[in-house]
Every structure is written in structure tokens, then in C-alpha cells.
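Below: the structure, in C-alpha cells.
The letters A, B, C and D name the chains in turn, as written, and every chain counts its residues from 1.
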């Protein structure tokens, strides 16, 4: 299992039956592979789909059926199509229960920065800002550090924000961390990791409950 | 599999006194007469109702108006209901009236998670006296705040159990907009089909907006062709 | 032919092939009876119909098919249904070529007042304000005077306006009058009427071209 | 009977240099590739294009970008087109980027004859620096002006000759919104059926918004499954 698969598998366990969920590009799109059949969720895509089905197999592609990341997808029973305005009415109107997003930085107060590196990368805003600001719950799925080993979880974001205080939970290959009013609360820790490693690779202090921290 | 069908009393108990309730329908088509009849029986009062019109005497929301259950009515035109007009003129109900398409846009804006819309409709009329006027790009615009409600009650022709809806003909009107704009959406539906049998391209309102489906056993005469409108 | 039928029949001649037209309540709803088969127009109704057909015959009523005046209607080939927001997008977006409206008062500069008599009649605004302000062409169909014989066509409206300077043409049982930058231009006059009578019953000066004024 | 079918060159000659053109599609589905190819051939230049994205190199609007025909691009995300990103970074095109759903609402507002919408999206971000912020009902809102264009170019699956449209699956996206928001609307369509044969409840966009239908004889490879997106 790659570190991305590990994150996706753990993220899948945050999903509750009956939810409308939205999957950002990257790791989030791998989550459906780890959802149990009884999950009974509706996967929404910004380009106008509610009810994406299992991963599209080679040869089954439909030229008119892609998700917001331009991947070919399938449909689940009860799917529906709509225009981009209705699609974002679902999002901004508060009907997305759970939004999984990748990130560049995330802060201890839940601030999210994932759309621009001034002077370097600014391909656009896409649907992320509206998802971050309006989904009922935002879960960030990300590698714990950058390729250079620098923390992505920080006391404060240094990049321009996508949305303020929006993230509820961070899932990395090392840990599951909740954003609480008191700061970052370490909820779970990866089997192959240790408390010291996680704290060292995190740019803000971690809180944790007394006793054994559950492993994943 | 997800199943949003709910017993009518269970669904409607979420409507509390002094709640705001959006009611679908333009005239009779799209009006959830049976939900409204049960809301009357349930005794809910001090309601704010949002509907295009006031139905006609003895029908739909007029029953709630006649029973004194309504504090405020937000509508576009209530001319087909002389009882509602009289209640308004005697100030027994508070009435807010909007241009019809602006009422639709205010509701849609609420449903789309917007804070409001900007329009030039009514800028040269007495409407502007009671509105916030903003200056944008060198011109004036009336600011119409978005409208949301605690509950929406709407009527649909067909649904699947996941809440995907199809409306019939001119019964669509305000129904999908209101279903987007309320915290709890209760839909009475004439027919339920298994999830997965509706054409995804033909769905008028995606199930994400629907909380409860009340399946109607039979329609009351209010749903039929109204003799007073047959020429 | 009643005076209303006369007005409706004359108004029908203002319609051009291929137009999207909207019919207010009252006299305008009678206009389709006088449209030639080759008119090939789309009749729009505010409650969400494009493509109303011939007058509904007794027994053919569909419980889910009424116009904005709550009359049962039929469908023409190529009809479509949509919600109230799309319906007024057609209107405010400028896709209604011709809107026929009744009125209480209309002024020589095209001001229209037809929705409120303060302290007396205020049942609501309905769709009239948007039609008056946004249709490409507004034609008023009305009796030339009130029941008391007072002019409805005035130098200035006394009632609160529906929309300013919106009316292009007024059709009554006595005359067809265009609103021009110079004022009211008498375009046609009813067969059974005379110039003096029309001017007497009109609350603002009438202009007319040299020569015979066409009759209708 | 009304017949909006038009020859492609006749339809496109209404697009003049320095015009603004809305282009349907989210990625490939809904993109009017053949209309865009003819627009390129026609030589129109100094265009303002409005599209969700910039397609991908060698496809759709990217051909116009690559040929230097575009002055301004208004979009949401152009990350799948490195050529567009490079043109932006070298300031060879002017690019305006909006949150995707706000772009949709700006276009829809233009189509609905509104002057703009009010939103809290981006209020806590650098977006507010370049926006008009108004105060309403005790809070702040970003004012997003409505967007219209001279022409909209969109793709539909099925049309009748009166211009009623049906879109296929995720190819709907921005197409109906843009068709509402342009002075001239040109639709390329895969199949035309006689007027009167579409179910009036199943029409996605009423014909009132459509000016010209260009019937496609055959689709180019751009419309097919794109090998670079097959996993």
C-alpha cells in the first residue's frame, strides 16, 4: 500500500452512510475504492454529477462522463446530472456533508491554503474555495510534509488562504488530527510511526488525550 | 439503500410554531395541498409563509390564513384570493410583495448559498423607497437579499427513494427553487419508483436537496381540474 | 365583436413570425384566437411554459397545465417547461420579443401604471413589472377610457409606475397609437370612430401624419 | 415551422474581431470543438473568451490561444493547459480567474437579466482586494457583477428545429447558463429531431435562448474518449 493508498483508506472511514461527499483531485479520488458497499453515499462532482459509481474500468469510458478532475467515471443508482450553477448550489447551499481536499498548507486553526503560490503557481481557483468554505465538514488528505520534508501543518499558513478556519480533520500517512478550539488534537497515529516523529514533522504543537493513542 | 420516504406526521412535526415555510406552487399546480391540510390539523401557528400566491379561498395556504395561523406572507400576487387581500388590508397579516421573478431569484439565491442579487427591476418605481440601493460600475442597483426558510413543502409527480424529483408540466414553477432554499425539505409525491430507474438526464431536482418524501395514496379534489377555472 | 375582441384582433396583427410573446391577463389572453396559423410564434407564460397552444376546449383541461392567469391551456409543438427562475430569465434576459399588457394608466412618454391604486388595490406586482421593463417591445391593450369615461392615456401617470417609458404602442377599441419621441402618434383609427372623438377621450395631444389615417 | 438550423459559416460570421465569446464545456464534454475549429479558420482575433477552463493543448480554445487570437480569458481553472498557463505568465494574454461556482453565477446572472450577485465566497481571502465589498443587513458581501457576452458557442446532444436542447450527462455543465447570457447563441448539435417530438418536461434549455443550430455531420476525435485521461 502506497502512502497515498494508506491515506485514502483511512479517509474512507470518515464517511457516514447517507452522506453527500465531494472528492478533490489527487488522493481524495482514491477514497471510493475503500468505501464499504453499505456506505450508501452520493458522490458529487462540481461539473454537474450527483452519484458517481465505482472506478471506471479501461474500455468502459463514456466520452460525456467525467468528474471535475477530468477522469472518466461511472454512475451509481440514483445518479443525476445538472448544470454548473445547480452543482454549486448544492455546495454553497450546504448540501455537501463532507468534502475531502488536498492542500499545500493547513494551519492549527483550520485555515486552508491550497490554490496559489504567488509568482509561481496560480492556475486558478476551481471549486475548492467554495467547497472549503461551505461544505458541512472539510477533511484534508495530504502527505504529512512537502517533498523537501518541510511540515505542511503549520501554526499559521504562509500562503494566501483558500478559506479561513474551515478544516475539521487532517489525515496524513502518519496521523489523523482534528482541529479543535484548543489546537491540533492527535486522534490516531499510523502503526509504523511514533509520537515524536509526528510532532517533529508537524509545524504546530499537538495535543492528545491521556492513554494509548489509537493506531491505524 | 437510501430511503427518504417518511410518514406525513413524522415529516411535518419538524415544522414548529413561528417557523418560516416555503410552499411550492403557482396557483394550484405544484401546491402540496395534502401537506398543507395536515399542517393545519397539526395546529402550527405564527407561521411565515412564502408562496408565489395565496391560493384561492378554501384551498391550500388559504386554509392556514383563514385559521389565523399566519403572521407573515411573502408573495408576488394574491389577487385571486379576496380573503388574503382582506386580511392584508385589515392588517391581520403582514404581507411582503415582490415582483414575481425577483421573488424567484431571492429564493434561488438563498438556495444557491448567495447573499443576494442585484437588479434594476423597480429602480424607477416606488419599490426603491423600501430597498437598499447600491452603486456598481457607475450605475444604481437594487439589492435584494436572499431568502431562506426553515422548511419547504413542495409537490412532485415522481420521485425515487433517494429523493430525485420530476415535476409535471406547469407544476414545476417555484418547487425546485424552494427545495434548494430550505433547511428541511418535505416533498409530497404522487409516485415513487425504485432508485436507479429514473434517467439521470431527466431528473429535475437532484436528491441532495430533499430530506423527506411523503408518498400520497390518493389526491384530494383540490388537485383536480378546478371547475371555477374552466371557461 | 365585443370591444375586447376588437382590440385583441387588432393586437394580433402586431405579432411577427418567429417571435416569443407574452400575454398579460384579460384582453391579451384573447389574442391567440386571432393569430393566423402561419404566425409560428412561441407564447410564453410566467409560470414556466414556452409554447402555449390553441385555446383549451371544455373537457380537455389538464390539472397541471395552466397559464399565469390560472386558465387551463394547451401546448403547441416544440413546447417546454421550466422553473420560475428560468421563466423570468427569459423575460429579464431580453428573450421576450413582444409583451401585451393591460393597464390602468399609460402616459404620452410610455410610462405604464397598472399594478397599484394606493389605499384601494394592491394585490401584488406579479410578473408585470419585469415584462414592462424588459420585454423588447411592450404593447398595451386597453379600453380607451375608464368605466367612468375618463381617459386612461394621459400626459403623465397619476398612479405609481410599473415601469418608466416602456410602452411602444397602445391599442384600444378606438385607436392604435405609437409612443414616439415627439409624443403620441395616432397610427390607426377604428372604423366606427372619428379623430375628434379619439382626441377628446385621450388625455394628451395626438400627433398624426398628413393624409388619410388608416382604419381598422 | 420555425427552423433555426444554420450553416456553420453563416452562423459564425456573427463573431467579429474583439467580440466576447462564451464557450461551453467543462474539459472536453460540452466543448463545441467544431465551432471552435471553424472560428480559428475564420480568423477572428482579439477575442475575449469565457470558459470554465482552457481545454488542453491542441484542443478547443487552446487552438485559439496558441494562434494568438485571444486577448482576454475569463475562467476558473486552467491548470490542465500548460500552454495557457505559460501565456498568462508571460502576460501574452490577460486572464481573470474566479471561483468556479461564482463564475457560473456571474454568467447565470447575466442570463437572468440581473446586474450581479452578492456572495461571501472569498471574503476572507485575497480575492476581496480586487472586489467591490458592500454592506448589507449588518454584514459584508462581495459584489460580483453579471457577465454577458456577444456570442455563446455551445454543444448539445439533441435539439428540435425550434432550438429546444437536451445535453448528455456531464456535458451539460456551463452550456445552458452561457446560452442564457449571450446576445447571439450558436449551438452545435449531434442530432436534430422534428419540432414536437421532444418531451416538454425533458427539455434542458428552452428554444427561446437559441439563435442558430449547426447540425454536425460527424464528430472529430476531440469528442471521443481522450487516451491521455484513460487510467
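Odds and ends about this structure:
Note that a residue touches a chain if its C-beta (ideal position, glycine included) is under 8 Å from a C-beta of that chain, and two chains touch if they have at least 3 such contacts.
Keep in mind that this is a model prediction, so the values were computed, not measured.
If you take chain A and chain C together, the chains in touch with both are B, D.
Interface comparison, B-C versus C-D: the pair with the greater number of contacting C-beta pairs is B-C. Ranked by separation of Cα centres from chain C, the top chain is A. With centres set at the average Cα position, the gap from chain A to chain D is 29 Å.
Chain centres here are Cα averages; for chain B and chain D they lie 32 Å apart. Centre-to-centre, using mean CA coordinates, chain C is 35 Å away from chain D.
Multi-chain contact residues of chain D (touching two or more other chains) are listed as 105, 108, 112-114, 119-120, 167-169, 200-201.
In chain C, the residues that touch at least two other chains are 81-82, 85, 88-89, 91-92, 134.
A complete list of chain pairs in contact reads A-B, A-D, B-C, B-D, C-D. On the side of chain D, the complex with chain B involves touching residues 105, 109, 112-120, 132, 134, 136-137, 139, 141, 143, 145-146, 166-169, 200-202, 204. If you check the complex, the residues on chain C that touch chain B are 45-49, 55-56, 58, 61-68, 70-72, 81-85, 87-89, 91-92, 116, 122-127, 129-130, 133-134, 160-164. By the touch criterion stated above, chain A contacts chain B in their complex at residues 18, 20, 40, 42, 44, 50-51, 75, 77-82, 85-86, 88-96, 134.
Against chain C, in their complex, chain B makes its touches with residues 26-29, 52-53, 75-80, 85, 97-102, 104-105, 108, 119-122, 124-127, 157, 167-177, 223-225, 229-231. Of all residues in chain D, those touching chain C in their complex are 1-2, 108, 111-114, 160-162, 164, 180-181, 195-196, 198, 200-201, 203, 206-209.
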